[in-house]
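Right, one structure below, let's go through it.
Letters A, B, C and D mark the chains as written, and numbering starts fresh at 1 in each.
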Amino acid sequence: MIVVMKPGASEEDIQHVVQLVQEYGLKENVIRGTDRTVIAAIGDKRSVDKGAIENAPMVEKVMPILAPYKMASTEVKKERSQIKIGPKQFPVGGRKIAMIAGPCAVENEDQIFRIAEAVRQAGGIGLRGGAYKPRTSPYSFQGLQEEGLKLLAEARKRTDLAIVTEVISVETVDQVCEYTDVLQIGARNMQHYALLEAVGKADKPVLLKRGLSSTLDEWLLAAEYIINAGNPNVILCERGIRTYEDYVRNTLPLAAVPALQARTHLPVLVDPSHGTGHAYLVPPMCRAAIAAGADGLIVECHNDPEHALSDGAQSITPQALLTLMGKLKRIAEAIGKEA
Amino acid sequence: MIVVMKPGASEEDIQHVVQLVQEYGLKENVIRGTDRTVIAAIGDKRSVDKGAIENAPMVEKVMPILAPYKMASTEVKKERSQIKIGPKQFPVGGRKIAMIAGPCAVENEDQIFRIAEAVRQAGGIGLRGGAYKPRTSPYSFQGLQEEGLKLLAEARKRTDLAIVTEVISVETVDQVCEYTDVLQIGARNMQHYALLEAVGKADKPVLLKRGLSSTLDEWLLAAEYIINAGNPNVILCERGIRTYEDYVRNTLPLAAVPALQARTHLPVLVDPSHGTGHAYLVPPMCRAAIAAGADGLIVECHNDPEHALSDGAQSITPQALLTLMGKLKRIAEAIGKEA
Amino acid sequence: MIVVMKPGASEEDIQHVVQLVQEYGLKENVIRGTDRTVIAAIGDKRSVDKGAIENAPMVEKVMPILAPYKMASTEVKKERSQIKIGPKQFPVGGRKIAMIAGPCAVENEDQIFRIAEAVRQAGGIGLRGGAYKPRTSPYSFQGLQEEGLKLLAEARKRTDLAIVTEVISVETVDQVCEYTDVLQIGARNMQHYALLEAVGKADKPVLLKRGLSSTLDEWLLAAEYIINAGNPNVILCERGIRTYEDYVRNTLPLAAVPALQARTHLPVLVDPSHGTGHAYLVPPMCRAAIAAGADGLIVECHNDPEHALSDGAQSITPQALLTLMGKLKRIAEAIGKEA
Amino acid sequence: MIVVMKPGASEEDIQHVVQLVQEYGLKENVIRGTDRTVIAAIGDKRSVDKGAIENAPMVEKVMPILAPYKMASTEVKKERSQIKIGPKQFPVGGRKIAMIAGPCAVENEDQIFRIAEAVRQAGGIGLRGGAYKPRTSPYSFQGLQEEGLKLLAEARKRTDLAIVTEVISVETVDQVCEYTDVLQIGARNMQHYALLEAVGKADKPVLLKRGLSSTLDEWLLAAEYIINAGNPNVILCERGIRTYEDYVRNTLPLAAVPALQARTHLPVLVDPSHGTGHAYLVPPMCRAAIAAGADGLIVECHNDPEHALSDGAQSITPQALLTLMGKLKRIAEAIGKEA
């Protein structure tokens, strides 16, 4: 932590901050410049609220230096994590690109089996589909719930795809674990800490979506909650952030992929469906994500998007998925990977 | 809903959309302009995912017309809601400004009693204080939990202030109800729907903070979840949004106050502590919020901000609170209210 | 400047940075922590591009410490600036609130004289009105140009109001100076440096609007360009920033007012018309701006907003202005000022 | 334009809006729904300020339907534009990817010739380099000006690369035209309309960067200014937008590439240097941009980034450029293009 004093700070002001720094268990280092004095506070105490020092007289600002997460960090674990998912134990985070696709919501048997088969044929390794749906409006379709989970489990039996589905409450973690392979934490729940701790105690890998406007630090701290609770198998998923842009549902910042890879050993997927909100933007952004180095994709795919019960606008068809996969394969190869 | 067709859409394309509109239970109204055709779809069906129509051939965009919430809306209830809180049943939402103040977290008996007394003396009507703390880092102080709730209840007994505290999980709703007067839903939980439904079944008023980057529609839909579950006593609290601005923790958009008052009958408070993140900005933004027409304030106040266990940087002292209240009183009077 | 090294940086890496720091004319101060080494570089060299050091091996990040502006800063000039404008030499920046109002664009004689008279009667001290209009679309009304300036000068003769009008090109600075009292630099031109230098050589005060998404540093550096070119009479004007919010044209961050007052001695006005974009939000945000401590307001006012040639949606009527002024007077008094 | 009336609007209110719509030269179409009345106003009048109608009694909102630009639009010109640049008349906008690279600023003969040669060897088709530099601080290096232009012209003679350089004032347009091949309009000047009109009268292609926080509509309207002034040869360049993200200088929204291609026939380049601000993020985002379908790239490249006079942090080395080009070639092929 660097404490910058205001110009004109007296020796007494400086010593007051030195004392505060020491009270926080840190070692001070006073640097007297031409214009102002800076106090560097050394020591690894991530748990204290150092911002409080800002209240001391003549303090201008307090700047943290250390990343606030540990176990998710490349400082602690240098080799990249590989996380195996589904009946075939597909390794997410290796040379091979992971394509997970499926509808926003499980709607009925015919729909989910038809799409699952299409995903398998396209070379996907996972099937996504919501059984419990967090919906912005209480009047929207809330998902088939356990019935949906059963359909997903049946789809797995038919296709060997890994089942990825969202869990939205502590109470249903066990139930969702029973039927599926990967527990998805949605953007709205990224800082729902009780849920993070609950999936941290589960024995299934977790797909942790980025919160709507979260920073990388906040996101990696959410991963840290899960790892800290006992589950090291966290897959990050960039799904776009909220900005002023109005031609997209969210702005998809793909630089997050290499930026995360410099900070964490966890695998990073990208969700261009939520990341753009419009079907015509999904294939180009899937290609871009793979080119940027993402470990895989999660894509909304529906056999009849015009009648989808949710997220129809951003779902691509099985045919579009198939065409896309051919291009992704070549892009992956261009950067030394496979699809 | 307005469906805008692309230029060059054929009659067949138009009829296809007309049919979709009818399938959704809406009545179409086709308007043929010089450049393009527009289809207005009439009827109140808030639950369907109309975006799906965007997938139909030659559709350029789909624009909603109706606000998606009902019970929170001034369309349904024209007179402004007054919500009574605490032992004195102070009416939030009337002529009198509600000042709620207190520390970020309950730390110990001496701290909370001392601050409660200062809040009472300054003319506050509520005491805020966290017992269950949602913290960005798993390594930060997580609150005194039930012990903290007991201290808050004791502070109420001594001061008659209404106790406002955050509830962060479905499991603890009953416990928090037992000790306190107002259930706060924090920004991170604004779209934690299971929790919204749980407090919707509780018999205490709810203080619903705006999510970090939520729109007014999303926020009012969160209120709608609570009202829809049976609890009409929702108080909204603007606490700032995330933007690129770096001299504040959040950007506090006070225009939200009159904009909300045009859309909803629910009372609106403002939290300038989280809304700015720095103690020196809190008094001016408190004054501005009242001048903009807010029904009250919720402010972090700590007797020793330099040593606060959380949010020290944004806490004002009891003395600053007292001085502020004098000014707020005069500003309230300037716009025909009282403090 | 603080250079943070990556964990694992070797002594050679550190010495390489030390050498770079010295080449930049700064003095290094090496601080060896438990996890990583930090190099504080001391000395006031604001002109070099220190970010380049980020390219040195094993550098994690480079954090600046000093504000990049000087003459606009409270460090250099502690007493607040008062800038006198118009025939009556009204002091902007003192105890008395400055109200500047008028139409977006000068449209014709009748319109501008009628509005000028209304502004005078309401107690305004300045008349705003665009003669040269920077318009987003080449097909929009571009202003009456010199003819508009003449009408503004005539309105001044009739009312003694200070004339505030935008200047959009270096070529027209002299002409605009001839007819008016305050040169407005619009948000789009905040970083049009040739124009900043041109008004820096003019002998009229400058009203410098904040750029659409500028930081406080960028804004104060734009002021620094003007002061550095020879004109110390710069009035800042907050007019809202672009965010994801969709119920407003811009988000008006009033915390900028006290935040600026802590950083600069220049007066700060607020423009709630552009800052919200809707007439119904203008009066509450005017009140809030004054309560937050702004030195004055600039407001769009039109006698027939439904037919205004530009910005009709955000213009208030003369009657609304009059009512507003009564409230502003009382709010100003509440915080020890006058209106 | 769609005018949405508030619930409870009377027939008189509706007729008042009908009359306004007619006054604006549009044809009304009144649609009476269950909850509210909507008035669709038909006719192509892009120049009027329809927002003014928002002031009429009982109007809730006004929603535009038509894109505000014409000549830049795919509605007016369906085939994609190809714009030929430099001594070799390289076609930007075709199957072949355009790589333009070079330093932020021309610093001296040795630097620019060395980098130009490296760009040529890597397969670039253009050399970028600033002679007139718009700098945020008046104390920063402002460029070599005409001397820099001469060095660029000499570098062209040696390499046959197209010279791309920024023009920052109306006065220097002719001079810049004399020495270079493509006139760059920087992000800060995207709405500097006098400059847009000046380059619109020049006989060189224009590279128009996206403004810092501009929408696609604003950007395409800036292009429209140039085309409208007589110069159809506009190349768009996405360079990132300002968001809350702090690990990048800007957030680079690559979905803008396909979104623009659906709206305009103009070629689209991407600038990952300004779009990220950090050298380590530049190669992955170059790859992503090409995979998303961009027509080319503009990249900062410096032989000694640690000592660059500006933008050192985001400049890649000639060696990194060479390696990158090999990968870009394969990615281009994967999507049916060439590099």
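Rule of thumb we're sticking to: contacts are C-beta pairs under 8 Å (C-beta built on N, C-alpha and C of every residue); 3 or more make two chains touch, one makes a residue touch a chain.
Quick caveat, the model's predicted, so the values are computed rather than measured.
Asker: If I rank C-D and A-C by number of C-beta contact pairs, which comes first?
Answerer: So, comparing the two chain pairs, more contacts are at C-D.
Asker: Report the chain pair from A-B, A-D or B-D that duplicates the B-C interface, where duplication means over half of the contact pairs agree by residue number.
Answerer: Overlap exceeds half of the contact pairs only for A-D.
Asker: Starting from the mean Cα coordinates of chain A and chain C, work out the distance between those two points in Å.
Answerer: 38
Asker: Where the centres are mean C-alpha positions, what is the separation of chain A from chain D, in Å?
Answerer: Result: the chain centres lie 31 Å from each other.
Asker: In angstrom, rounded to a whole number, how far apart do the mean CA points of chain C and chain D lie?
Answerer: 26
Asker: Could you tell me which residues belong to chain C and also touch two or more other chains?
Answerer: 213, 242-244, 246 - these are the residues of chain C that touch more than one other chain.
Asker: Given the complex with chain D, which residues does chain B contribute to the contact?
Answerer: 2, 4, 7, 29, 31, 33-36, 38, 40, 42-44, 63, 65-66, 75, 242-244, 246
Asker: Once bound in the complex, which stretches of chain B touch chain A?
Answerer: Those in contact with chain A are residues 20, 23, 46-47, 49, 51-56, 62, 68-69, 134-141, 168-171, 188-189, 191-194, 211-213, 217-218, 221, 224-225, 228, 242, 278-279, 305-315.
Asker: Taking the complex as given, what residues does chain A use to touch chain D?
Answerer: 213, 215-216, 241, 243-248, 251-259, 262, 275-276, 280-281, 284-285, 287-293, 327, 330-331, 333-335
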